[in-house]
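As written, the chain order gives the labels A, B and C, with residue 1 at the start of each chain.
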Amino acid sequence: MKDALLGYALVLPSLLVFGVFVFYPFAKNFSLALHRTPPFPGLPKRYVGLDQVGDVLSSSEFHKSLRVTIEFVLLTVPTGIVLGLLLAVLAHRQLRGIGVYRTIFSSTVASSVAAASVIFFTLLNPQVGLLTYWLGRSGELGVLEDPDTALLAVAVTTIWQNLGLSFILMSAGLQGVPDDLYEAAAVDGANGVRRFWHVTLPMLSPTLFFAAVVGSIMAFQAFGQIDILTEGGPNNETNVLVYSIYKDVFRFGNDGVAAVKAIALFVIVFVLTVIQLRFAERRVSYAR
Amino acid sequence: MPAETEMAARQARRRRQLRLVGRYVLLSALAVIVLFPIYITVVNSLLRPDQIAARPPSLFPTDPQWGAYPDAWTDGHMGRYLLNSVIVTTAIMVGQVLLAILAASAFAFLEFPGRRVLFVVFLATMMVPFEVVFFTNYQTIADLGLLNTYGGLVLPFLATGFGAFLLRQAFLTVPTDLRDAAAMDGYGHWRFLWRVAVPLARPTVAALSVFAFLSAWGQYLWPLVATNDEKARTVQVGLAQLRDTSLNDINVTFAGVVLASVPLIILLLVFQRQLVRGLTAGAVKG
Amino acid sequence: MSSITLAGVTKRFDATVAVDDLSLTVQDHELLVLLGPSGCGKSTVLRMIAGLEAPTAGEIRIGDRVVNDVEPRDRDLAMVFQSYALYPHMTVRANIEFPLRSRKVPKEQRAEQVRAAAEMLGLTEYLDRKPAQLSGGQRQRVALARAVVRQPAAFLMDEPLSNLDAKLRAATRVELVELQRRLEATVVYVTHDQVEAMTMGHRVAILDRGVLQQLGSPQEVYDRPANLFVARFIGTPPMNTITGPAADALAGRAVPDNVIGIRPEHLDIVGEGSGALEATVDVVEHLGHEQHVVCRLADGQLVTVRQGSHQPAPAALAPVRLAARPEHLHRFDATTGERLG
């Protein structure tokens, strides 16, 4: 039928792009993972079955990278949500001029990962950085070069950059809480804090869950801020998964190892996405 | 009776006023903290490098030095980078929205064998993060000779499963009677799509456009690997270059950040509503 | 204007048969009503004529042309939808103009045709408004104007009045009949409302569960219903249908396996000793201009008698005798429902 031809034609452009830039490289990862890259370029790759996979997954470098990434996720996601929620609750009032505060709190949406990272990089400059000065570390080991503080600094940069988005998301969630629930709670004798715990939080839980899962997915994929702030160092203390993959390909020319890590990253993100989808499904039927 | 209750009322009012003042103080303190990095960036872009390094640090430019901006624009190549970003981001936005409209219209209005399977395929692409496939895409683009070109920056991002999903949702709300009426009035799928369905889905198209623009503008990983000279380099990677400037030009770095952020700020101020809708579209649907 | 012919048209949706072997012809310049309860398939028939659904079997002709494989836009038909299907983002003018633009009618001619159609339907002062700013009746007229502006071979109308309130419906009915007469239009009109069917149609086609029950003029269908379904569907209050000994009594002879039908206005309450049927009055309904006397027969069946309000109204529970003239009796087969006489 004519409809069918038209249908395929309309879907084709997208499918072509997907084919070349999503499915092909995804499948190629598996092929790459099973072949060891030779030490010298120009020599053919060797099929090694699952040996390389085993080597990478058991390597200390991979474990450290995974640990660093998980630390990063745990540092940035809960903090980001809590701060966003705090700001959203405070700005949810009907005070005069509250619009100005709301704009300020959302303003970090206008910053990109690169911009935020360059700002903090410069502010943390060991010699002239303002933050370095306020932390009392002028002239000493830079925050970004100190293995104990580097990841923290990267996390703070990320939290700040995401604050606007988190604020907007939480505000939208708060708007969805019907006013009469608050009124009912007030009539039942609940004060501010109790109302927050027993009305706001439960009604907000789908938004919180969404923010947590999507935020974690984003955090697992972090790259830009690491590349600009620390380049994975010092001592690989900020060598998150994606940065490690980047180094494997563009510094060591070893895409076999990179492919194994990429598949690992995919599995993690996939699991998180499935959790999100199952929860959303359950929530929908629950609300009904 | 009057004196005691009057005093109690006055005390209650004062307590309320104090609470109000307290709220404003808290809000203002938080606002200062949130705004500080942006504020200090603007300030530092107007100071001389020696002023920036001075201790105690100046928090206000009493004598603004605008020279950092032209330096960032030309020597720092920010002008070129901004142009590249605008071109690439617009191309990605237009491409994504267009392809999403086409695909979504097929899923929503046409019947063809394998429609459901193909839609699942589209959804499946949302599960594959770009970071998992970027290095093979780099190889593909390099093999096609598209490194350092606009094409290389745009091509991998022309299609979006999320966009097709969102627009299909919007198209499904168009009453089937309208389609039948348009068929009777002589309009086939293509003209119905552009004259009826897309105008009716305008809020979603706008939200998707803003979302696409924002994501494309902030891209870092792909422009980093797909370009290595300033011909096609985008503003995000260009900014990263700026951080390597010497301490003698540190104000240029700050000016560069401001320049890089201006387009976004303008866009966000103008399209606030669409932005919020685009950002929360995913959240509401879950 | 053209005639429309359906020959052996059947429509199956998976296991369900929506339309079963339907054959009829809509004459040129005629308003034919497709009447029936919900689910009888009348809308499906209309959509097949329009080309929005394809028949599973059978042939559809417009004039002499077989149109089974012709796209809706090429069939030269105009359709008025129950929901009006107006384009919400366009003005009234743009809505009416829409069908002309796809046919590449030049601009000045378009403007003139739109103006004429709007004037015919009293919409001239609303041309620059959007549908959301119009009342239900006005929207319906925009839908009509959009159909009229194309000067099609025939009009298809799918319950166009059912979304209007009762008073507006009555007024619009008259307007539609006038419009059809003025344009000498061929119209296929779908409705479940028998009053619309009887007052508007030149002929009425009654459908039940996809099967054509009877095709004829309103008076034919009323005076000589082809089967029990038609008999009970047409007429308010509905025809009385009785079986058993009571039927025998009314008919004056034994009529086993038959159902006797008699319209309420043809039943009379008569004096002692003369009537054939014994009954007890259940309820008397006074409608101002007439009375409906609901009576219960000995075996429990209910019959309604319709008489003028000037006639004496019997008391409740009073025994009465009912009679009818033999030429007003209808006889139907009890199993098939077909008319016997």
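In this section, a contact is a pair of C-beta atoms (placed from the backbone, for glycine too) under 8 Å apart; a residue touches a chain by one contact, two chains touch by 3 or more.
As the structure is a computational prediction, the values presented were derived from the model and not from experiment.
Peer 1: Which chain pair has the highest count of C-beta pairs that touch?
Peer 2: Looking at every pair of chains, the most contacts join A-B.
Peer 1: Can you tell me which chain is nearest the middle of the complex, judged by mean CA position?
Peer 2: Answer by centroid distance: B.
Peer 1: I'd like the Å distance between the centres of chain A and chain B, where a centre is the mean of that chain's Cα atoms.
Peer 2: Inter-chain centre distance comes to 16 Å.
Peer 1: Please work out the Cα centroid separation of chain B and chain C, and write it as a whole number of Å.
Peer 2: So the centre of chain B lies 58 Å away from the centre of chain C.
Peer 1: What's the distance between the Cα centroids of chain A and chain C, rounded to whole Å?
Peer 2: Taking the mean C-alpha position of each chain, the two centres sit 64 Å apart.
Peer 1: In the complex formed with chain B, which residues of chain A make contact?
Peer 2: Those residues of chain A that touch chain B are 1, 3-4, 6-8, 10-11, 13-18, 20-26, 28-29, 32, 87, 90-91, 93, 95, 101, 104-105, 107-123, 125, 127-128, 130, 133, 138, 160, 163, 165, 168-169, 172-173, 206-207, 210-211, 214, 217, 221, 223-224, 227-228, 242, 245-246, 249-250, 255, 258, 262-263, 265-266, 269-270, 273, 276-277, 280, 283-284.
Peer 1: In their shared complex, at which residues does chain B touch chain C?
Peer 2: Of all residues in chain B, those touching chain C are 175, 177-178, 180-188, 191, 196, 199-200.
Peer 1: Spell out the residues on chain C that touch chain B in their complex, using ranges where they run on.
Peer 2: Listed in rising order, the residues are 47, 50-52, 71-73, 77-79, 81, 83, 85, 87-89, 98-99, 102-103, 146.
Peer 1: In the complex formed with chain A, which residues of chain B make contact?
Peer 2: Listed in rising order, the residues are 20, 23-24, 26-28, 30-31, 34-35, 37-38, 40-41, 44, 49, 52-53, 55, 57, 99-100, 102-103, 105-107, 110-113, 115, 118, 121-122, 125, 127-133, 135-138, 140, 155-156, 158-161, 164, 189, 217-218, 220-221, 224-225, 235-237, 239-240, 242-243, 247, 250, 253-254, 256-257, 260-261, 264-265, 268, 275-276, 279-280, 282-286.
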